[in-house]
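One structure is given below, encoded as structure tokens.
The first chain written gets the first letter, and so on, giving A, B, C, D, E, F, G and H; residue counts start at 1 in each chain.
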Amino acid sequence: MNLKNLLLNFKRGKLSLKNALSNLKNLPYEDLGYAKLDHHRALRRGFPEVIFCQGKTVEQVKNITAKLFEKNQLVLATRATQEMYYAIKDDAESDYKDIYYNKNARIIVVGKLKKVKSGKSILMMCAGTADLPVAEEAALTAEVLGNKVERLYDVGIAGIHRLLSNKNKIENANVIIVVAGMEGALASVVSGLASKPIIAVPTSIGYGSSFKGIAPLLTMLNSCSPGVLVVNIDNGFGAGYAASMINKM
Amino acid sequence: MNLKNLLLNFKRGKLSLKNALSNLKNLPYEDLGYAKLDHHRALRRGFPEVIFCQGKTVEQVKNITAKLFEKNQLVLATRATQEMYYAIKDDAESDYKDIYYNKNARIIVVGKLKKVKSGKSILMMCAGTADLPVAEEAALTAEVLGNKVERLYDVGIAGIHRLLSNKNKIENANVIIVVAGMEGALASVVSGLASKPIIAVPTSIGYGSSFKGIAPLLTMLNSCSPGVLVVNIDNGFGAGYAASMINKM
Amino acid sequence: MNLKNLLLNFKRGKLSLKNALSNLKNLPYEDLGYAKLDHHRALRRGFPEVIFCQGKTVEQVKNITAKLFEKNQLVLATRATQEMYYAIKDDAESDYKDIYYNKNARIIVVGKLKKVKSGKSILMMCAGTADLPVAEEAALTAEVLGNKVERLYDVGIAGIHRLLSNKNKIENANVIIVVAGMEGALASVVSGLASKPIIAVPTSIGYGSSFKGIAPLLTMLNSCSPGVLVVNIDNGFGAGYAASMINKM
Amino acid sequence: MNLKNLLLNFKRGKLSLKNALSNLKNLPYEDLGYAKLDHHRALRRGFPEVIFCQGKTVEQVKNITAKLFEKNQLVLATRATQEMYYAIKDDAESDYKDIYYNKNARIIVVGKLKKVKSGKSILMMCAGTADLPVAEEAALTAEVLGNKVERLYDVGIAGIHRLLSNKNKIENANVIIVVAGMEGALASVVSGLASKPIIAVPTSIGYGSSFKGIAPLLTMLNSCSPGVLVVNIDNGFGAGYAASMINKM
Amino acid sequence: MNLKNLLLNFKRGKLSLKNALSNLKNLPYEDLGYAKLDHHRALRRGFPEVIFCQGKTVEQVKNITAKLFEKNQLVLATRATQEMYYAIKDDAESDYKDIYYNKNARIIVVGKLKKVKSGKSILMMCAGTADLPVAEEAALTAEVLGNKVERLYDVGIAGIHRLLSNKNKIENANVIIVVAGMEGALASVVSGLASKPIIAVPTSIGYGSSFKGIAPLLTMLNSCSPGVLVVNIDNGFGAGYAASMINKM
Amino acid sequence: MNLKNLLLNFKRGKLSLKNALSNLKNLPYEDLGYAKLDHHRALRRGFPEVIFCQGKTVEQVKNITAKLFEKNQLVLATRATQEMYYAIKDDAESDYKDIYYNKNARIIVVGKLKKVKSGKSILMMCAGTADLPVAEEAALTAEVLGNKVERLYDVGIAGIHRLLSNKNKIENANVIIVVAGMEGALASVVSGLASKPIIAVPTSIGYGSSFKGIAPLLTMLNSCSPGVLVVNIDNGFGAGYAASMINKM
Amino acid sequence: MNLKNLLLNFKRGKLSLKNALSNLKNLPYEDLGYAKLDHHRALRRGFPEVIFCQGKTVEQVKNITAKLFEKNQLVLATRATQEMYYAIKDDAESDYKDIYYNKNARIIVVGKLKKVKSGKSILMMCAGTADLPVAEEAALTAEVLGNKVERLYDVGIAGIHRLLSNKNKIENANVIIVVAGMEGALASVVSGLASKPIIAVPTSIGYGSSFKGIAPLLTMLNSCSPGVLVVNIDNGFGAGYAASMINKM
Amino acid sequence: MNLKNLLLNFKRGKLSLKNALSNLKNLPYEDLGYAKLDHHRALRRGFPEVIFCQGKTVEQVKNITAKLFEKNQLVLATRATQEMYYAIKDDAESDYKDIYYNKNARIIVVGKLKKVKSGKSILMMCAGTADLPVAEEAALTAEVLGNKVERLYDVGIAGIHRLLSNKNKIENANVIIVVAGMEGALASVVSGLASKPIIAVPTSIGYGSSFKGIAPLLTMLNSCSPGVLVVNIDNGFGAGYAASMINKM
């Protein structure tokens, strides 16, 4: 019995509250040998397990997708290659109606996105054009999780008037994600202008003493303006996930 | 005319809405030569400038406190020494009624805290007894900013039953701050159990390859469980500030 | 005269105890010019020299295998490529009956494994599916060395119930190997639950500030729970070797 | 009811097996506010919680000692200052009969050590005289945990004959702890001679590019001889603890 | 014959052009055993050798000062302690008329400063009050070298309106020195607004992952806005020296 | 209306001074979605925005080039691939008369260079032949920006007479750029001989403990000779840009 | 006039001693634009300039070889690719009689080696088979420079009897080069046995926390046995060059 | 029987060659419990064991000195404090005639130095006055070991004429030690001028990105001029020791 049916049975009175809760708390993870799918997560954390594709084989990603889809009807896979996308799309045993791949953000979505009610939105900013893949990973993650996302790209501080002319967007956002490579100073500057939390994502864009993202990572951790919260280098997914958590509060 | 009077004049009709807003947006910073006080910050970011005492002389801290108090009636000073506390307390030119120093957290509060309405609370967790000073810096900051804070200390993962027996506190918290040194794994474990954002603070507690906090910093940035947001090593203030921003949403 | 014959001659009385010992202690290494094979190692350390293939040419690996097989009838080669496997398999001058290659673990075994008597077993755990190659290198090494190995994969702490529901396996294991990348916190959590030594293997799985395994390495070295012993990043072989040493005590 | 009484009651038939087990599994930790004592640990891991004094106040150490002693009659405190020792010794509310402080190893032991049955022993080696404090921390920990320890000090590889003339001690030991600073090569050399596991402890002894123990840490992690297991820099306690776990198998 | 006399003799016709030049090019350094004073430097680089006091004894600093003063009538000593200042001031063998010590900047000046002709000026900016000592080291160095210096302190980006309201100063400066610790983003922002070169000085102000100035150093080296030139952490002297070179062009 | 026309209209009296200034200060950036072109930069900083091609797609580079060319008639693109060059050259919608690609320096120039009036020149030095690509990036940048550049290549300090025999070039240069990899000591030596500022560019040339440019970066930052200003590893463009700023003063 | 002719003319009396010396001291370097060949080096340092091929184009290497050969009749090129070898071999304008390429050591030798008089020899040791390329670079360099070299390979400390059984070679060598990767402990052990200087070469062989040679580099720098001198990671050439300098004393 | 008597007995015929050799090869180390004195070292390596005082107690240093003096009549102790010097001097049980302490170099010498025959000498160079303590440690070590040492101090490259005017000393030296902090470029420059091996000692002199000696260490390891051999940061003793080995060849 999958999670949906369990809940429907409860709603229809076929399952008591006590039994439903008990069932849910003990909802078993599913053991594929090389992976133990955490079906309990949707209940516990508000969204089903997300597949981090890096380091997994195409075959593994295909099978995990199928198992997760069975229970949740919506699957998000990050760091996915085009090859993985085709494997899922052409999976003979499954027959997904909605499947979408964003090559730039390296994300696969299987299933139908919920319509987002107009409401508070997440402002997605990035410093340069080269930061787009990470920014899109964050933006898409937040959208799959049911958030409205506004994009404001290429507003790095070398031309600060581009940023200042968008000051009202910064003041009105509910949560802000700032993606920046090189010296990563954008997060500090935005934080000084905003009254909402900033989630900062350093990227590995740059060269030399950028050290694959260490420079913007340190910049963001040492921000002289409080309210900047940092995730791992290039971790667009983590930023979108946390922004969604905050935006829904 | 200080900020308070400006607002009162507006309320009493002595100042039009348009003029008040205009005045506020251009509110000048105050120039002390060695410091430019940002009186505009309370309006822009929701709380007046906080004094980061480290690297400032006792004389400078005393004077900045006086200037900020004049405008805001509530001053928060972090990384403050006992000597600074006495200098402020005995400041002949000012006559503060409420002044409080927490030696452990190295925080001075001048002015009266607002009563916190019962409401959503921040859960303050730390892994070991030695992490207390940083945890208290975070907790006090959040309290000064008007939040209810619940403390759950010494719940490191070496005895995970201590943590699991407090699972309902984790599930009920609105925002969670996790302070941990050594390997800093507590944040990941808590994040796996919670549905709200986790703000993780690595501490410099430990020795050898802890490298003054680098080990827990990396642990937290690489958390396998999404929703962990990281601040600088020992940055209790930043964690408390951001948690307050989120808790008030 | 190889080691086996020497011992048989001793058993059959053809060699006195004194002579046998003397012979053994002086057992010469074999000099191939580019390598000096340590035939004495089986006697001294309980298992013949293992071939670390990385940095060696296919030709060198093939020849060393042949020389070691002659003396020991059982050869273990780690970090081996498929090309090396085929070179050994098709070695015209040797005629191995049993040869096995595990592509995932990059291990070649030439010779017949001993049957493992049912007895105390090593518990092989890994945090994520992407850690499997290193985990399998460790598991296979331990099996070649004559140990019973139980596998428990994908039990990372993001869904700690997957781990806790296997608590009895942890309590019953004689030695535990924990393989984990990203933040590597699994070792600390397992250590807090177990009464036997934990051998922790950080992997280079992850991205950004994982720094190719530095993050989990530091996590494991700084574990707040005592009893965690660490080997090099991705060193599955070393973990399996040490676990075998301990398991046989 | 402390752990000892609980067990005695069970032995005397005042408590059924089922009740005893249930009691034990739920044995609560004790909450001192700033610390949650893990009284369950003795049962779960074979030895009561050990006090890591660094970062704790003298008052906290004194109180935790008292609480732990009440339950376990034997307390081990590491990284303890002389001041802490005197505070415990002169604790008016407790009245310890046996209390011992080793200034070199920075260890306090409260309670009576068990007599060690003659049996398998741990060989404690260190490379130089300056490594003694860490070596003694390890040796004392192992002794408190009930092991026989043999010491072999100042056998660094600059004069390898000092090491080779003790080869039989190395061959006969059941577990070996190697403590070394500077380049830390001793562990690799010893490992090449032994058939039992080596626990290697890098120390911060050295200067310049030793980088407070990073040099020997890396040396030990990269040992070309398998069977070397590494703990944190200067972590004598962790080495002694793990060696005891292995020695008792 | 000191440098001044040599030049005067030339002017008075007592020395031919050829001889003067030859003399000057071969001007010997003076050997004090522990130091070789480079009297040629004033000619070659436009300013006499500056004494870097760190690592020198008080006695050495006193003697070097005396020797340099004899030739140049103006001596600059950086990283000087108060003790060194008194030793020079009370030097029985010398009798300096003008001697000045700035404790904050750790600079001693012996001799009379040249009047600065009104002209192009260096703008000295710093991000926070704690950066003042380094900023003053730079400002004083530039002044001793004969430049007009304008100070603009505590204009960090947390309150960017403080910076923007001084935009015309930035646009009018001939050279700009930016001193900043923590994340050091000020240099990038200023560079985006200016058309003149920026000399950026990272400071060791900060804590945790600031790593004693590494964070702002990397930020400045990776500035996304071209025209930022970087000197060593806390190297106020170097910044002032280079700014002077550029300002005089 | 592009910038040129705006200025011409002003000169011809079709636009008042006030209107021209106002127009210029508000000159909008152009929003391409993935990039916001900073057309204001030429006015503010003296040269139009330069395209940093790394991390951008070929399509993006082609379009940004077209938009910038429309306004400025001169476009500089750095870190450009040959593929990008052909895409721009064959751009059907644009019809550039002058387009030049230097494969070594990875630079594309679209538009006609201004004739450089004979005047003060920049001396471009490099330590070894392998440093040429970075040196050429710097030299070409400075030339595009309108400077005379003199090249002095392969004058590393291993044969210091090669350097000393060019001493008069060093003494006569107005600004010096020193490009060096390996240990990067050339900048310090040149600085000791020159009276003008040195811009030092560390390169990633070298191996082993050169750590992709960290060794020369540190060497240059720690130069014992003042007047050395450092840019990022391999940042030829930044060096040429800053040298031009200084040379034009 | 090349160096050889100059010397011959001097021997034949066509050139006075004074003129010869003067000529030699001012021997010009040859300027190829992208390279300045230091023809003076053979005189000054005892061997002509060696071509470090990495980072140079095939064309450049070919031309530099031709120019150097003209003056010296013996050319050594390191880090050379096979492609470079063929370019030199097939150089239409030159017609070398003796040309040799060692692919393993990546070395090209053009010209005839001098016969080495029997004399003191350099002992070339390496720890593992994978260290051979670096060891051969060192050995060949020393041989080209006219030294007798004895090879002792694969004597790592995991089987220390292989090393000890060659103790007399160690005691008899005049200079010893030790090449080792992984933990690099071989140098320290050899140094403890020898009375001659040890030149230690760390290699990038290893994985994980070997960090591409940092581990053995630190080991060698921190050797507890004095007399170990270290060169850069994988710098076989430098080791061979210095060993030759010492061996010829 | 100490080493001297043993040899004398042999010379006087009281001991056969065979017996003497046998005695010498088995010369036991002396076990003090906390130290195993390597009396064999004088024979094996040409000089008795040297005491590295750092990390040893005053009592330990005093006793080791006494034991070593008994056998060798000449003791060298490095990194010695003044307190250690007085303890040795006032050692009631020993009665040393010759004892000498150099506070700057932190060296104690007990016993009479041998007269140095005029012969080949070691050139001791340092870059700045602050490098003197390390330079003196090296110079004194070489002198105690029986070498003639010439000192050339404060010849850093900021004033390269100071160095060039001493070129003949560099050309005539048999071995050169170069001690330098900050950027450490002196070693490369000297190496380019010399035909003898250079031993380079980086010092921890400097600040900021010198990182306690990492900057000059990397500079020296990456020297573009071959023949530079590097020892640990501040390791004057190691440099003096190795220079002596080479000088005596």
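To be clear about the criterion, contacts are C-beta pairs under 8 Å (C-beta built on N, C-alpha and C of every residue); 3 or more make two chains touch, one makes a residue touch a chain.
Nothing here was measured: the structure is a model prediction, and the numbers come from that model.
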### Query
In how few steps can one go from subunit C to subunit F if every step must land on a touching chain?
2
### Task
Pick same or different for copies subunit D and subunit G, depending on whether their interface residues overlap by over half.
same
## Note on the structure
When centres are defined as mean Cα positions, the distance from subunit F to subunit G in whole Å is 38
### Distance from subunit D to subunit A - Cα centre to Cα centre, in angstrom
44
### Query
Counting in whole Å, what is the centre-to-centre distance of subunit A and subunit H, each centre being its mean C-alpha position?
61
### Message
Counting only residues that touch at least two other chains, what does the list for subunit A look like?
### Response
128, 158-159, 192-193, 208-210, 214, 217, 221-222, 232-233
### Task
Go through the chains and record each pair that touches.
A-B, A-C, A-E, A-F, B-C, B-D, B-E, C-D, C-G, D-G, D-H, E-F, E-H, F-G, F-H, G-H
### Message
Taking the touch rule as given, give the residues of subunit F at its contact with subunit A in the complex, in rising order.
### Response
29, 33-36, 38, 40-41, 49, 52, 54-56, 60, 202, 204, 212-214, 217, 232-235
### Task
Would you mind writing out the residues of subunit B in touch with subunit C in their complex?
127-128, 156-160, 182-185, 188-189, 191-193, 206, 208-211, 214-216, 218-225
### Query
What residues of subunit B sit close enough to touch subunit D in their complex?
128-132, 153-155, 158-159, 161-162, 165, 181, 205, 207-210
### Task
Please name which positions on subunit A make contact with subunit B in the complex.
44-46, 50, 174, 192-197, 199, 217, 221-222, 226-233, 237-238, 241-242, 245-246, 249
